[in-house]
Every structure is written in C-alpha cells, then in structure tokens.
Amino acid sequence: MATLGLIEYQDASAEVREVYDDIMATRKTDWINNFWKALANDPPTLRRTWKSIKEIMAPGALDALTKEMLYVAVSVSNQCGYCIASHTAAARKAGMTDAMFAELMAVVGMANETNRLASGYQVEIDERFR
Amino acid sequence: MATLGLIEYQDASAEVREVYDDIMATRKTDWINNFWKALANDPPTLRRTWKSIKEIMAPGALDALTKEMLYVAVSVSNQCGYCIASHTAAARKAGMTDAMFAELMAVVGMANETNRLASGYQVEIDERFR
Amino acid sequence: MATLGLIEYQDASAEVREVYDDIMATRKTDWINNFWKALANDPPTLRRTWKSIKEIMAPGALDALTKEMLYVAVSVSNQCGYCIASHTAAARKAGMTDAMFAELMAVVGMANETNRLASGYQVEIDERFR
Amino acid sequence: MATLGLIEYQDASAEVREVYDDIMATRKTDWINNFWKALANDPPTLRRTWKSIKEIMAPGALDALTKEMLYVAVSVSNQCGYCIASHTAAARKAGMTDAMFAELMAVVGMANETNRLASGYQVEIDERFR
Amino acid sequence: MATLGLIEYQDASAEVREVYDDIMATRKTDWINNFWKALANDPPTLRRTWKSIKEIMAPGALDALTKEMLYVAVSVSNQCGYCIASHTAAARKAGMTDAMFAELMAVVGMANETNRLASGYQVEIDERFR
Amino acid sequence: MATLGLIEYQDASAEVREVYDDIMATRKTDWINNFWKALANDPPTLRRTWKSIKEIMAPGALDALTKEMLYVAVSVSNQCGYCIASHTAAARKAGMTDAMFAELMAVVGMANETNRLASGYQVEIDERFR
C-alpha cells in the first residue's frame, strides 16, 4: 500500500495509547481524528506534535477561539483541505458563529488580495513600520 | 523608471485625495502609508480596495484586534514582507501586546507545520468534519 | 468536456509514443502514469518536461533517492495532492523506508513552521550567512 | 562566501558564453541580467532553463506580451521579488502600459482573494466544470 | 452540519436574489455556480465580491480572455482546485483554445520553476529593474 | 519600536541562556544566529522550537546533510529569504558541495514546475499511487 494506514486505538502500542488518552482527556471527547491516527505511524512525531499543540492551543494571552480562527486563516491561505475542515469544526466547537466565520473569511480573502497588491506594486516598507 | 512612483497628497487628483482624506479620518491619523500611495497610480483600485478594507476591518462579529491578528497570520504564511510589517504595526496599535504577538506567532508556526504533516501523510477528511 | 482527456498509448501519435517508450524504458516498467497522459495533449510540453525530468532525476552529485525525497518535500509544501502521491510512491520504489518517510515529514513540517517564525519575527539575515 | 558569485561574460567558459550570446541575440540586447549570471554556476541548468524559456516565451498561440503578464501574475502570487521586478520590466518592454499593469494587478489580487474564499467555504466543484 | 449549505435561488432572500439576477444577466446565463451559492451565506461578502469581480473582469485595457487566463495562472500557482476548474471553464467560454491552454500551462509551470531558481540562488535585483 | 529586538547573551535571562548554551554546545560553535535571538523574546517558543529542531535534525534514518537539503528545498519553495540563507549555510557546513547545491536547485525548480502542471491539467491520482 502506498499510503500508511490509520492506527486505531485497539491496534496501538502503549506509547501511542498514552497520547491518544491525553488527547481525549484534554478535549473531553471519546474520539480521535484521522490526523493523529496517521501520525501514530511515527510515535515520536505523534508525541512531539501533540505536546506542542496542547501547549500552544491552551488559552493564554489569546483565548482558545481566537487561536482556532488563526489556525483556519493559515489553513485557508495554504489551501490545506484537511486542515480547513478540521479546524473549522474545532473553531465552531469553541464558539465561532456563522457571523464570525463570515467575517473571518472576508478578512482572509482581503489579506490574500492586498498581499499580492503590495508585492506586485513593489511597495517599500515605510520607515514608521520598521 | 521600472516601478511606479508613490503619489503624494500634494500631487494627487481630487479623486485620490478624497480617498486619502477618508483613510486619515477613519484611522484618526494625518499620515498615509506607502501601500495606498502606490495604489493611487490606479484610482479605481485605490477606491475599491480602501472601501473593502474599511468595510471588512470595521468591528463586527469580530473585534478590530482579532481582525488585525488574522491579517498578520495570513501575511506571515504568505511571506509578504510589507504586509507583515504594516499589519503587525496595526495590530500593536489595536492593542496587541508582546505576549499576544508571541502566541500568535506560535499558532501560525504550528499551523504551517501541521498543514504539511496532514498533506504529507495524505490524511483523509473524517466523516464528522464534513 | 471541461478537462482534457488522458491520451492512452494506442491513441497516441508517433511523437507521443516515442516519449512514452522512453519513459517506460528508463523506468523499467510497462506502465505510464496519468501525469504524462495528460501532458500528451501538448506534445512539446510532454517532450520538454520528460527530457528535463530524465536529466535532473538521474543520479549525479545526489543519488536518486535523495532527489525523490526532495521532490516530496516540495510537493508537500505546495500541497499538490497528485505530486505527493506519485513522488511518495517513487521515493518508496527508490528505497525510502517508513523510518525515512517519518523523518522526511518531521523535517518538512518543522521547516514550514520555522519559515513562518523567521518571517513573522522579521528576522534580519546574519552577516555570516551572506 | 555563502552565496555563489555572478559569472561575468569575461570570466565565463565557452559553454556559458554560448548561452549568453544566444540570450543577447534573441533579446536584441547587449546585456545579461543577474538571473543568468547566477545560473551560470551550473552550466547544464543554465542551458536547459534558457532553452525552455526561449521555446516557451516565443510568440505562438499566445503573444509575447500576454506571456510576460502571465509570468508577472505567477511571480506576484508567489511573492518572488526578483521575478516580479524582472518580468514587470520585460512586460513593459513588450508593450504593457500603466493601464494594463493596473488591470493585471487588480485581477491577480482578486484571484488571490477568491481562491481563499472558495477554499475557506469548502465549495464543491460544480458538475458542469468537470 | 460542519460546512455551510449552498443557498439556492428559491430559498434566497431578496438581497441575495438581486445579486444572483445580476450575475445571470451579466453572464447571459440562467445558472449560478456553487461559489456564489456558498458566499450567499454572507450577503455583504456576496455583494462586495460580485461587484468587484464584475468591475475587474469587464474588458478594459485587457480583454476578457486575457483576464480569465491570468485568473487560471494564479489559481494553478495557488493549487486551488475549485478555482482552476471554474476559471478554466470560463477561459474556454471566452475563447481559449487547446493550444492557448497548453501554452498557458507551459508559462505557468516555467514561471513557478524559475521563481524558485531565482530565490534559491539568492539573486539580487539588477539596477536596471528597479 | 515596531519589531522586537534581538536578545544578546549578556542581556538574556537564565532560562534563555540555558537554551543558547545548548545550541552552541550541540553545534560546536560560540555563536548564536539571529533567529534564536528573535525567538528569545518568547522563551517558551525558543525552548520548544530548539528542542524540536535538535531532535528532528539529529542524524537518524536520514543523515544530517540530507535533512539540511530538505530544509533548503522547503525554504526555497516558500520563498523565505532568511531561511534560504541560513539553511544553505548549514547545508554547506554539513558537506554540500557546489555540484550538490546545483542539483538540489534543479530538482526544486522542476518540482515546482511539475506541481503546477499536475494541478493545471487537473490530473487524477492513479489507482497505483493510492
């Protein structure tokens, strides 16, 4: 098989199960999504990625909802289908309403437009922005 | 000259000055940054872009600060130097602290990492995310 | 039909067949993948692209496996689904093990993360790197 | 030195000079721009890239000006500073007026915006477009 | 449901119908494609985006066909599946032949290649291009 | 000041110095490059990023040189100036010759070209690649 399989809980090693358990406990859910089941083919990457995500996505100076919307903004700019789907779902779970999603999309679209206008017009950075 | 010049207020047409005046009034500043002075070479694009930005960036379901941070997230993902500089400055003006900037960068970096892990492992979108 | 069809060997012109034959001989296979069948709609691009690929991907200062992994790294960063699938298969055929794939993904993910951190923090290039 | 130097005509091998001569003859100029002087560090890539560019950019079903504007559109979307500068100059030489440049930028900006709206809203491809 | 639904004409508000009517009248068709039905979830974005597209894509210094091909060039560089499909169809409707499409692809492919060669060799912008 | 300053060793907290010391010990150098001095504004990100880089870039199934070249391939595809400069220097230090750099660039350029040809021709993934 060309692509690696998804590692289900019952087939996982103790090391992988420990991460799965922490994901479910942290997210208060009984479900693991495919991203983690794919990474489980490489336990060190699974562990490191989950540890970083858990640390970074915890509320801090920014709340969890803002962080999920930033994740969507990046995923949409990168055109990553899986990431758009999973983080849009996560943002909704964190409280994103339809109106918030609509404004998020409007900002992301506009930013992608003006990024190219700034580049195409070869605009020099203003002294005040340095 | 290969690149277009920047159109200063004193050299601008009435049509361009009207937009400049609205930018300064809306932003409560007496200063126009280079992006708009470059776009002023094409008054319809100047007008349309400013009108869209003004509408989209006004507080609504999302506050102005969240919107500026989304703008930074997109600009950083696209590696647009001008846009990173100008919107980081705008986000700071809107209240972004050093701690918020640090978390913003952490989320953007992590999102760019996991976007590639999701793509590279060819992860299929979970039914629940559709 | 909106998209162009795939040109099968039996329906191909002599010019296209010549390229197909060289692809199969070079790769020691009796099979042509869809990418070439799509390019065959434009024989000059088919010929030029195959000629470049054949020249570039031949072992030289870098071995064939390293080159295929570099191809995967670029395709994953660009989020090109077809390219990820075909070059991951090619890299496996050239000897990439599961452990090598796992490390490849880890490096690609990390590079995409730090690329954005470097941009977002607006880091200046060190004198020693120039 | 960390970066490779630029190979000037007087320091170039016969193989490189042959390409330089063809570039100047084809473009009816006595000048070689830095891109080629950098590629000259690797003569096979210099030769292959010039040969492809010469073949692809020659007028055919599309005229030279349209091709240069397409080149600018891609370079702006990719945020490649060198490429934006050189191909905007080439497009101007091929006849691009300020008004054409302005419309080019407007289309490129809008395309980058709607690309993200289409992705963010997870729009499925219409049957008629397949 | 995780993704937003498509708003059909019969279910649309008067505000949305007005835009749909203008799209169909402008394009001389009785059909609305999915992109607009998705944006209709956010009427201000629907209205603003259509108004901008209508203004920008109208023939001016550049003809409609050139503009659609520029749209395809950007969408292909961004790897946006929906956008490639819809704007390739639009370009064909505007008169793009198979030969023109083939040259468009060749230019876009080459531009994406040389963009990376220019960046990778860290080529400085020539004085003449500034 | 709009951008954050670089944190020099003598001004750094004990927490930051500990990371700096580990970077210098691991790399057998007495020098810290700007990337880390910028991240030091956010000690948790400094620590997490260095820890991940150290783990990921250590020789394993792939040797250190291959990993650095993969890093360059990603950075060039993303057009990240700082990252291209720093990782090209690192790859040279790890043993990359001019000939290897030349082939690396050729592969990266070609991959970026064929990525777009695959997308633009809307090529379906072959069954054998799934």
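Order as written gives the chain letters A, B, C, D, E and F; numbering starts at 1 within each chain.
Everything below uses one rule, namely that a contact is a pair of C-beta atoms (placed from the backbone, for glycine too) under 8 Å apart; a residue touches a chain by one contact, two chains touch by 3 or more.
Predicted, not measured: the structure shown is a model, and the values here were computed from it.
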Chains in contact with subunit B and also with subunit D, listed by label, are A, C, E, F
So which chains are sitting against subunit B and subunit E at once?
-> A, C, D, F
Could you tell me which chain lies farthest from subunit A when each chain's centre is the average position of its Cα atoms?
-> D
Which chain is most remote from subunit C in terms of Cα centres?
-> B
D-E versus A-F: which has more C-beta pairs touching?
-> D-E
Interchain centroid distance [CA atoms averaged], subunit E/subunit F, Å | 34
Whole-Å distance, subunit B centre to subunit F centre, using C-alpha means?
-> 27
Considering subunit C alone, which of its residues make contact with at least two other chains?
-> 2-4, 41, 44-45, 48-49, 52, 77-81, 85, 88-89, 102, 104-106, 108-110, 112-115, 117, 119, 121-122, 128-130
In graph terms, nodes being chains and edges touches, is this line, ring, star, complete or other?
-> complete
Considering the complex alone, what residue numbers of subunit F touch subunit E?
-> 72, 76-77, 79, 81, 84-85, 88, 104-105, 108-110, 112-117, 119-122
Residues of subunit A touching subunit E in the complex = 79, 85, 88-89, 92, 98, 101-102, 105-106, 109
Of all residues in subunit D, which touch subunit E in the complex?
-> 3-4, 31, 33-35, 38-39, 41, 45, 49, 52-53, 56-57, 60-62, 66-67, 69-71, 73-75, 77-78, 80-83, 85-89, 97, 99-100, 102-104, 106-108, 110-115, 117-119, 121-126, 128-130
Listed in rising order, the residues of subunit A that touch subunit F in the complex are 2-3, 44, 48, 52, 55, 128-130
Subunit E residues touching subunit A in their complex are 2-4, 41-42, 44-45, 49, 78-80
